[in-house]
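So that we are looking at the same thing, I have put the structure below in structure tokens.
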Amino acid sequence: MDEPKVQAFRPPVISLLTDFGTRDAFVGIMKGVILSINPAVALVDLSHDVPPQDITAGALLLRSAAGFFPPGTIHVAVVDPGVGSARRALLVETHTAFFVGPDNGLLSLAAPADTVVRIVHLTNAEYFLTARSHTFHGRDVFAPVAAHVSLGKAPEQFGPSLTAMERLTLPKVEYHAAGLTGSVIYIDHFGNVITNITAADLQPFPKESLLVSMDDMQIQGVVASYAAVEVGAPAVLINSWGMLEIAVRNGSAAQRFGVLPGHPVHLTLT
Amino acid sequence: MDEPKVQAFRPPVISLLTDFGTRDAFVGIMKGVILSINPAVALVDLSHDVPPQDITAGALLLRSAAGFFPPGTIHVAVVDPGVGSARRALLVETHTAFFVGPDNGLLSLAAPADTVVRIVHLTNAEYFLTARSHTFHGRDVFAPVAAHVSLGKAPEQFGPSLTAMERLTLPKVEYHAAGLTGSVIYIDHFGNVITNITAADLQPFPKESLLVSMDDMQIQGVVASYAAVEVGAPAVLINSWGMLEIAVRNGSAAQRFGVLPGHPVHLTLT
Amino acid sequence: MDEPKVQAFRPPVISLLTDFGTRDAFVGIMKGVILSINPAVALVDLSHDVPPQDITAGALLLRSAAGFFPPGTIHVAVVDPGVGSARRALLVETHTAFFVGPDNGLLSLAAPADTVVRIVHLTNAEYFLTARSHTFHGRDVFAPVAAHVSLGKAPEQFGPSLTAMERLTLPKVEYHAAGLTGSVIYIDHFGNVITNITAADLQPFPKESLLVSMDDMQIQGVVASYAAVEVGAPAVLINSWGMLEIAVRNGSAAQRFGVLPGHPVHLTLT
């Protein structure tokens, strides 16, 4: 079979993350706006099923994904309960990427302060759609700005620079003599329960001697993969985000243990 | 970061709107057919979660989106309960776009009569897939025709011209001495309740003195955005479709008020 | 309207089929990895809502789609309950396509033995992501390998050849004097009930004289399309997969008849 040997053109990538769902054409409309300005972008959906108005879930997903995209990727994120209010619209440039979205913390986990080159307050209406609504800045502000960024327009042209943006603070892990206490931050599609405890938090401890407990559930040892336990059995592992996760092989841990984000998780050394 | 400065090529855009869902590969198959004929198109999903066989919902979504795409975009729409019957397959050319789909009203709201350049009855089997099914014209008729249109094939080549197509009639707004009565036409992903009352219908009235009622729910005044009311409070606004919408900030108005498309909505001047 | 007349470049196509859902950015991350290696591919989603860990459903969907893609398409499929275990990772080359995924039967229906040119065991870590997880080979192994294949890398470079791979066996149709007995293999988005009985199985029989029964449901005759029966009535037809399907026009046959995959379906000649 013939395979192309030469790359004619490296299209810029624009990723999209929203809580718009995929039923109503909102996301398709944003893509139409982008392609009307720059027909040669590669568009990638991160997720449009962020729980409505759940800024933290959106911020975690954006952080989980951004590092795997080509340098210069433009990530548009819209979970925006304050649309139409005084909340600011932002373009954030980091060492490796651009982020476009509302100033409500959504962009903050993917763009930690030490990676930020510039934060621009989007005020230059020249780059917005003309017939602007008060309810859909994804279409009217964020999509056209992202498209213009993908054409190489300099960030300064979109508005004045800011010294800071809204930042989310995730719950912190607490360290005790006997171990540590973290909490559930996200439940994924499979019902896997993801905590705020990182691989680095576990580094000091031998993996087999850790006891993970959540209410009256107790699991001994951290394993390498789901396949290390029997079908239907619970497993604790470091997941693809680099975080401690409680799973049930081929099942839903969230359902089995009845937990939601915010639920405490204890690690003790046995 | 390096950004491309030169556009090597402007790929034609094909959008897709169906009630096929995203579970069964039906949509992916249509894209495979399109890319087999024209590998250089940009494919955009509008929605594949139109409620099964709901032609009106599909037509409203198509209308809400088409105006935001580049000129010459080819919109393929398949909500097609009559597939395999005598219903005709159409290619509709307007001043700004092409529409491909069944002749059941689905294309009619996005292609009002005064924008239509040509309506073609798709009869030339040369542009269909060879092994044609009676149940999946999205794959066998509409996708290949759209791909051939994207290659610049003239509309006349696909079949004879028609003088008219099936047109949906949305419920009409009724004007009284005391105000007007419209109805719910769509519920979106957030549970926002969209009516057939337009911004133009409201033009004559001062926005603060309008009382919107639906059963025993009453809301005074039309606001600019969701953020104008408290979290959990209802709001009436003109939405991104340019239609009157009843929302609940960070909640679902459809659930709160228990309404479905067809439900009457009254506006009175107070 | 201007239409492009010249194809500057034929981008390779990579399709994606997973049970990852579309909520968690897992699929977007795979696309980021692919575009980081080859920015000029066309990415197509087949489905990401394969029921979790349902290898058979994934294999059926992949088979239903692969034939409609351009020659040389690379299909990445990840339904992978054994991720992190000793199950092998594969690149399968057939006469018309490439398949990348776990060696658990998922690729086997789309790549029947008589079409296979080469089966490669993916062992060359040079083509994997460096920071490899034990839970997300879609990101760390399958996506980067597919991207390198799309750049024209020879299959032999990814690892040693194998003589065979895991193959699924679907339930077989049984032939009696009075007719035949098959079974339900898939329920689609519309609730259509798809069986393992093929168009070829029906060839010997006159279509009107076939009686299809499933528990106490009985339908006489095989029709050409859904539109051949009244709205709400059941219909038996050959669907777009070329398989016998039991449908309810504008309704859900699966709900009406309460059946799941595995349920027996009888055909008798009347």
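Letters are used for the chains, namely A, B and C, taken in the order the chains are written, and counting of residues starts over at 1 for each.
As a working rule, a residue touches a chain if its C-beta (ideal position, glycine included) is under 8 Å from a C-beta of that chain, and two chains touch if they have at least 3 such contacts.
Remember, it's a predicted structure, so these values are computed and weren't measured experimentally.
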| item | value |
| --- | --- |
| Chain B on chain C, rotation in degrees - Cα superposition, rounded to nearest 5 | 120 |
| Proportion of interface numbers common to chain A and chain B (over half same, under half different) | different |
| Chain A and chain B: spacing of chain centres that average the CA atoms, whole Å | 30 |
| Chain A residues counted as touching two or more neighbouring chains | 8-11, 22 |
| Touch list for chain A against partner chain B, complex | 8-12, 20-29, 31-33, 35-36, 38-40, 43, 52-53, 71-72, 81-85, 87, 133-136, 139-140, 149-152 |
| Chain C partner contacts - residues on chain A that touch it in the complex | 1-5, 7-11, 13, 15, 17, 22, 42, 44-50, 61-62, 64-65, 68-70, 73, 188-190, 224-228, 231, 237-240, 245, 249-250 |
